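Chain nomenclature is as follows: A, B, C and D, assigned in order of appearance, with residue numbering initiated at 1 for each chain independently.
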Amino acid sequence: MIDKRIGSPAAAVADIFDGATVLIGGFGEAGSPIELIHALIDQGAGNLTVVNNNTGSGHVGLAALIENGQVAKMICSYPRTTNSKVFPELYRSGKIELELVPQGTLAERIRAGGAGIPAFYTATSVGTPLAEGKEIRAFGGREYVMEYGLRADFALIKAQCADRHGNLTYNKTARNFAPIMAMAAKTTIVQASSIVELGEIDPEVVVTPGIFVNRVVLVANPAQESRLVAEGRTYP
Amino acid sequence: MTMTAKKEKAPGWSREEMAARAALDIPGGSYVNLGIGIPEMVARYVPEGREVIYHTENGLLGMGPPPAPGCEDPELINAGKKAVTAIPGASFFHHADSFAMIRGEHIDICVLGAMQVSEKGDLANWSTGAPDAIPAVGGAMDLVAGVPTIYVITQHCTAEGEPKLVESCTYPLTGQGVVSRIYSDLAVIDLTPEGFEVAELAPGVDFDYVQQRTGCKLRKGNGLD
Amino acid sequence: MIDKRIGSPAAAVADIFDGATVLIGGFGEAGSPIELIHALIDQGAGNLTVVNNNTGSGHVGLAALIENGQVAKMICSYPRTTNSKVFPELYRSGKIELELVPQGTLAERIRAGGAGIPAFYTATSVGTPLAEGKEIRAFGGREYVMEYGLRADFALIKAQCADRHGNLTYNKTARNFAPIMAMAAKTTIVQASSIVELGEIDPEVVVTPGIFVNRVVLVANPAQESRLVAEGRTYP
Amino acid sequence: MTMTAKKEKAPGWSREEMAARAALDIPGGSYVNLGIGIPEMVARYVPEGREVIYHTENGLLGMGPPPAPGCEDPELINAGKKAVTAIPGASFFHHADSFAMIRGEHIDICVLGAMQVSEKGDLANWSTGAPDAIPAVGGAMDLVAGVPTIYVITQHCTAEGEPKLVESCTYPLTGQGVVSRIYSDLAVIDLTPEGFEVAELAPGVDFDYVQQRTGCKLRKGNGLD
């Protein structure tokens, strides 16, 4: 029987290795798999390359993973937000590397990685510093920059509802990067707010088909990052 | 529209008036993406009878106004990470699909803020290029590359009185030749092949006043004497 | 008020012009917008380039459009099926042009066109006759062929459910090419089996957001192509 | 498994036996795409206790067996355009997502038919290259390029007795160096860096019998004396 359910966040992230590339879902706190991130902090893998749109807030979740010194490099589009202190300090002191990618190019690179497209062209960033050193090519009289597909060892994402095959649905704008990150990782690890019987998710409304998912762990009442930040919480 | 009592009200449009003026130029039926800050306020001023659909690049088409206090959902936010609502007819989608809407020229109009706009329509709005700044670009470069009509709402000058409309941007670019029209506190200014052209002046502002606060030569549009 | 509903298939296709490129949804009969195709036959536009996975069956729908001499060129992956007689005859007599594209490359080219990607690389067809004359490039030690995004003037697709904004859902494997074709056309024309009030389609289950749709026409009881073929029907 | 009475049954596996033999090599939990013809029959022979998920490239993961007569839905079909069913846990998606599963190496195994397979693992299964043939490729090239493990089920020789396992394909290729294993009516044959290697012989068939019907040199695998 195919059963991708796994008992705990700790078990779900146990094999993430030093030096791994890890896609982490979420746009700010929406869709951030905070319990999986905290399990990764407990687990301790280091020298990670992490892909996320941002760099976390306060001292929990992604910010705590960075603060804990586990991240060697961030690939993201917007590494600062109101409550983002951890990354800016490490970045200014040269202790963390940053690859800044326009948000749509980041999304398309992840989708391309998952879809077996090694490279594609986009008009985004042409004529800006972010296109420097990249190949520029004209199609139909307009210039485009070549960007590479992005694949990863692991993806950590948050879903609303899952089944044992790994079929997923999401909640509102918490969907964001999760479906494409699920496609682009060798091992996709999901925390789901509910797990239902096979067949309970209508095949028409599955957003991420189970083929893109390796492990599903139930986190029935996920923490809300902004609340933890407001309370001044830290992790670990 | 209140001003501090400490200093005399400068001539020109308030933030709200700039947003309202921009809203006049958005036709009913448009698909629109609004940047963070004053651009967000455009949604409040859509003229009666026009239905406009707002896109937020984090995966929502049909974004509605902010929720009533206490009704915020941390998983229903806009690109500025503020709580929003979804109108009837809304849809959620993932980031690659969201930026397919942008890059594929499906969004009709995008309204953005600016640090600088050059007379060639170049936009700089993501980085001062300062060595200690944390660079952060978000979706700005995708929006200016993919959306056919880019409107800018901006104060005409910086807080220090430096012109933001310039011959050439000194800050790192967001995109080249992308801006169609600027709504500043002093004027509505079009980008034309010959550079900046003033289409409309704010009340109490004359052409020379705007020219003095602009970093390059302005032309008068047809609407001006 | 945004209202994309239009009164009849004839009104929906009225402005399709001679020489237009038209994406037509469907995989065989599943998802084929047969009433829109028949309206296009009545309308008479010629010299069309048509993109569809196949070339139709019998003498109705897409096969009838081809038989009526309106199609100068087909772009497709599989131009022959059991009941496909029209295309093979015209092709052998040199009266219609064929651009044969692997099915996945066809889908990706359409998706790229809709997503503003002018070109991308794929391993599909490398080392085969279908890669001849195309640019080959190595990434990570493997060879890929460059393929171009495909955009069109019109798309004709079939949906299950629509609203006045053009939000769409589909029925089972009739979904196939429709969502990506809707993205890739300047004007996307939909025949929907039902039209509901705004808000009746859950925002989580919308497959094609209305931004990709221009016109929606209600065809409550669409004809079933295989039944028409079995009955020996012809159109017009 | 009935044969015409007119001629003696040739030695080797029947179509059903070939499909059943291939099914043995598909691990539980695999995501599998089955080509049209004998490959489709593989689904009938999955060993007890294994759960295998079938993908059909026209937009369904979790394809089930054909429906009962009279229950066919013309909008629920497989890549061969035949009516199928969807199992609990199935999902529908569009063509670009479906081929993302294929091209992105998410499908584990694909079982296809063949016109020719070369000892380098090249596969030809879409065109005879005849000048009057209507070329039609479907998803075959995407499958062989994107699926890590390609199994071929095929009669060892053509109806005219010509070998299908050859030194070099004379028909246009579907893909280069893509085939992992062949299930013919006579043998199970692996593709190795040294060419074809016979892993298993059908009952009543010996190595020389297979060699005589093959267009290039075969090697004996470890399992054979």
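Criterion: contacts are C-beta pairs under 8 Å (C-beta built on N, C-alpha and C of every residue); 3 or more make two chains touch, one makes a residue touch a chain.
What you see is a predicted model, and the numbers here were worked out from it, not measured in a lab.
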| item | value |
| --- | --- |
| Rounded Å distance, chain A centre to chain B centre (Cα mean) | 29 |
| Distance from chain D to chain A - Cα centre to Cα centre, in angstrom | 37 |
| Multi-partner residues of chain C (each touching 2 or more other chains) | 108, 111, 115-117, 122-123, 170-172, 203-204 |
| Numbers and ranges of chain B residues touching at least 2 other chains | 60, 86, 92-93, 96, 99, 102-103, 146 |
| Pairwise touch network: line, ring, star, complete, or other | other |
| Full enumeration of touching chain pairs | A-B, A-C, A-D, B-C, C-D |
| Complex contacts: residues of chain D adjacent to chain A | 28-29, 31, 51, 53, 55, 60-62, 86, 88-93, 96-97, 99-107, 146 |
| Footprint of chain C on chain D - complex, ascending | 56-60, 73-77, 81, 86, 92-96, 98-99, 102-103, 122, 127, 132, 134-142, 145-146, 172-176 |
| In the complex with chain C, residue positions of chain A that touch it | 108, 112, 115-123, 139-140, 142, 144, 148, 169-172, 202-205 |
| Complex contact set, residues of chain A against chain D | 1-2, 111, 113-117, 163-165, 167, 183, 197-199, 201, 203-204, 206, 209-212 |
| Parts of chain C lying in touch with chain D, wherever the complex brings them together | 27-31, 53, 77-81, 87-88, 91-92, 98, 100-108, 110-111, 122-130, 170-180, 207, 224-226 |
